[in-house]
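Below, each structure is written out as structure tokens.
One chain, chain A, links the two complexes that follow: it is found with chain B in the first and with chain C in the second.
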Partner chain A sequence: MTLGKYYHIGKINLQNSLAYIIDFFISSGLVIMIMLILIALWRVLYQDRNIIAGFTLAQMIWYLVITESIVFMPLRGIIREIEGEIKSGKIAYQLNKPYNYIAAKFFSKIGFALLRWAIIFTAAVFIAWIFVGPIQLNIYGVFFGIISIFLSFVLSFLIACCIAIMAFWLEEVFGLYFMYDKMRFILGGFLFPLDILPLWLQIPARYLPFSAILYYPAKLFVDFSPEFMAKTFFFQLSWILVLIILVSILYRIGIKKVSINGG
Partner chain B sequence: MYLSTAVGTLCFCQKGAYRVKWHLNIINIFKYIKLMHKEYMKNAIELKGLVKDFKAKQKDKGLKGSLKAMFRPNYKEIRAVKNISFDVKKGELVGFIGPNGAGKSTAIKIMTGIMYPTKGKVKVLGLNPQKERKKLAYKIGTVFGQKPQLMYHLPAIDTFYLFSKIYEVPEEEFRKRLDHLGEIFEIKDFIKQPVRKLSLGQRMRCEIVASLLHKPEILFLDEPTIGLDLIAKKRIRKLIKDLNKKEKLTIILTSHDMEDVEKICKRLVIINKGNIVYDDTIRKIKNYLKYKVVDILFEDPIKELKLKDVNIISKKKYKAKLEIDTDKISIKKLLEHITRRYNIADMVISDPPVEEIIEMIYKK
Partner chain C sequence: MGVKQEISYLIENIKFNLASAMEYKFNFLFMTTSMILNNVFLLLFWWILFDKFKEMNGWMFQDFMMLMAVVSVAIGLSRTLFYNARKLHKNISEGGLDYYIVLPKSILLNSIVKIDYAGIGDLVFGILIGVLAIDPINYPLFIVLVILSSIIYTSFILIINSSSFFIGKGESLSNSLELGIIVFSTYPFSLFGGLSRFLLLTIIPAGFVGGIPVGILKSFNWQWFLILLGFTVLIALLAYLIFRIGLKRYESGNLIVVRE
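This part shows the complex of A and B:
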């Protein structure tokens, strides 16, 4: 019954957000443009060699398809929404419902996020297919890769919550988001796999949550191996656990500070 | 506990007959009856010494002030609720009124558990609203006039269904309940239209239905008539009154419109500047309502306005505002006086605003 509650929250929010379907397609247009630029860029780099950091050109482009589709998950929107609800005090009106606020937020966003992911993913795959052709994909790689992409959504969501909840103490949380976003670009392996980085940077980057969001699922998808899969799930699940604890502590302290404007 | 008291009383009757004088037993029995009575008349809400402070950031003017506030934020404590205590019995319909910023909404938000009090004891249905918020959530319904709960792009029925899931109402019961409420509130015709296409009055009726699906024991209504036109207001008022009468629902209502409360509540609590200034029956407040404010628009310019027993608040070329005491001069008499002497274009008779009633209470 409890989970059923959240299922229905997810379903109805998905229906409600379908009113904004146009936004989906605009962002997939943007993804196509970025993909084209990246493909041109990597073509130049691959001019006089076949393999960079263990990736062929086709693998590299397919890797970018995955990271691209993950980066476009609607994180900013989630942060803005929670932050707005905290600042205006609207969060309070949801406290007297018999559900967990964070869990309800998660389920109300997941349908929209996954649908959007699927559209962007399809657009990116389409471009990759035309320009570099298919690559040899392992069926396990695809299957576990998708599970791991799902986990990276969970992880991104929790980080977004952490950032948004800071609105209880900070006037402006988008500075934090900006920092997180840039870290994700470099240490998360958004524009290139971590393998390219020098070792002194690569090793810490592998242990940080940013790579658990982008690098691990994307590499698992294009270059499957059981050991790598074990590593991926280990890092993702441990970071999820750590962040769940962090979010619930922050939330519990923060919620006592809630004050409602115009009350 | 009551059982043991009863047994104790009985035993005491038997033994005590020999030892203690018999009238002491009767006192004990009275105590027991009182206890039973207390259980029967159990309070739905108990508030004791409620205080709520808000911290507000202070900033000096200009860029310099902004920079200073960044490094050394200066907070000012604002006491929104100073000291509020009252009880609400089961089945009561209580109206809270007060001007904007009086603290009535804050009080409601503390009772429903969405805000933490700074000091004081709160018990709603025997529960602590802050600590047992989820448990309480199943037993109360809330409607905040300024914060719609219905999904904007979807028909109301979708939100109703979602709420039935959130509150864990069985499917069969939900259907019956919605059928019943749909009839009372007359919302069946537009329940399948997207909420954004409904009028404000229709939306408010749907909001109230949404908060009643799980059969709450107490219904909190915060400004349910805000922004509604006269007919819609009237309709909502009647519905609220019926809910209290027929369903025996305890209802707490806030408004800044005296008429809302006057028309439907038996008990009235007036809050001003964080304090309760009046807590009694509506009948007693009617003494203050004998004052009426009359706005008149004249056809021709008037030079002087002379009326007996009338307090002229303001006077312009074509307009005048009067205050009358209906004990001294009846409305009928006033009308006669005015129409005989002047050519009037329009006239509005209204109750004085809450602020003035509060002022009158203070003066007395």
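This part shows the complex of A and C:
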């Protein structure tokens, strides 16, 4: 029964999210637009060279397919929801429920996030296929790449929780989200692989959680090697562990600020 | 009600909003600083790319800084004055316009005026970058161009939000198109050619928000300036008309909503 309740939470929320099917397609339209800009940008940069940082144009675009699909995971919605529950005091109603608040949130979002990811990923693949053609993918790269994308969602979710929980202390947490978003942009390898960064930035970026969310799974997908796979899972799992501890500490400290009155 | 009265009402409204922002000084400073840092990171990202590749179809880093200055000030101005324009879809679909309809003021203006702290961050950042990247002789031109660019951006936000009058819940559509115009306007315009350039000067007018004003700043051209001016008038009128037509279709609900 311990995990069974989370399975039912996930199932119900996935069924509810099917009502947002139009939203999925509009988001896919936006991803297609952004992919088209990125293809235009990289075509210009590849004008007089075949390889940049070890990537061909096609590999670069397929790398972006992965990072783009991960970036569109619905973090803002998760932050807004938890922040709203903290600010409105609704979180108090969750305290006497027979589940862990953060775990229940995770399972209520995972179905929606993965379904949305799959649709956006398909749209991005479609555009990459048309404009730069297929690339040679390693079957292990695809398989472990997908597992790694799932771990990216877990990591992104935990960071979203850290940001949202700050609502116990801050009136507005989206300032933190904006900064996180841009860190992901540069240090995460969203719009180009970390290999392009100058060394002084590249070395720290490789060890931060932002690259564990974007760079590692995307590179694993397009340029598989067993050593890189081991590194990817090591960084991802280590950061997941660190963030679980951080979220638990923040939540425990924050929840003490909730005062429940009768009525 | 005269235009003069509307403007003085608008000024009073902004003063009131600012006074309210000052009540939450820490959050105000936190949000504006976060936005400035957010933009600094974006600039750093492009600096890395320009440092590696030097130029992009004729655009240098200096041109990109001008683009950041124009777009940040234009969007910052819009979000500082009319932040609720981007929430209009919610007011339409949830019956929130009821409150404004009964007031003896312009429904459109009154329902969109609101200060966004992050918008002030954009504004400050844009001005700082503008001082660094733009020749002082061009400052008056810069001011005119960002006002036009800001009107275009705000009008576009109004048009996409007014779609809720016709299609019901238009949240996803308006959020996506808003993100679209911001993203497209912050890329070097030289990257786009053919059909994509045409689309960015019509359907999603990001070219008029960023690329065209930067082109005029780089080398003034009367023809493009007049096209920009004409487009500004056209899109502002279109936004107003669509809102007016939509308002006639507006139906109040019995949902009790708390005004934010």
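Some points to look at:
Assume the second predicted complex is superposed on the first by the 258 of 263 C-alpha atoms of A that agree within 3 Å, B and C clash if a C-alpha of one lies under 4 Å from a C-alpha of the other, contacts with A are read in each partner's own complex, and residues count from 1 in each chain.
Just so it is clear, a residue touches a chain if its C-beta (ideal position, glycine included) is under 8 Å from a C-beta of that chain, and two chains touch if they have at least 3 such contacts.
Being a predicted model, the structure only gives us computed values, none of them experimental.
In the superposed model, A:Ile139 makes contact with neither chain B nor chain C. When both complexes are overlaid on chain A, the residue A:Lys256 reaches chain B alone and has no touch with chain C.
Of the two partner chains placed around the shared chain by superposition, chain C is the only one that A:Leu30 touches, whereas chain B remains out of contact. In the overlay built on the shared chain, the residue A:Ile9 is in contact with chain B alone; chain C does not reach it.
Touch criterion met: A:Ala40 reaches chain C, while chain B stays clear of it.
In the superposition on chain A, the chain among chain B and chain C reaching more residues of chain A is C.
Once chain A of one complex is fitted onto chain A of the other, the partner contacts of A:Glu172 are limited to chain C, with no touch recorded for chain B. Residue ranges of chain A in contact with chain C, taken from their complex: 20, 22-23, 26-27, 29-30, 33-34, 36-37, 40-41, 44-45, 170-172, 174-176, 178-179, 181-183, 185-186, 191-192, 196-198, 201. Remark: chain B residues 54-55, 80, 105-106, 109, 112-116, 133-134, 136-138, 140, 142, 144, 146-147, 149, 151-154, 158-159, 161-162, 165-168 touch chain A in the complex. Taken together, the chain A residues at the contact with chain B in this complex read 1, 4-5, 8-9, 12-13, 15-16, 19, 90, 92-93, 95-99, 256, 258-260, 262-263.
Those residues of chain C that touch chain A in the shared complex are 24, 26-27, 30-31, 33-35, 37-38, 41-42, 44-45, 48-49, 51-53, 56-57, 117-118, 172-173, 176, 179-180, 183-184, 187, 190-192, 196.
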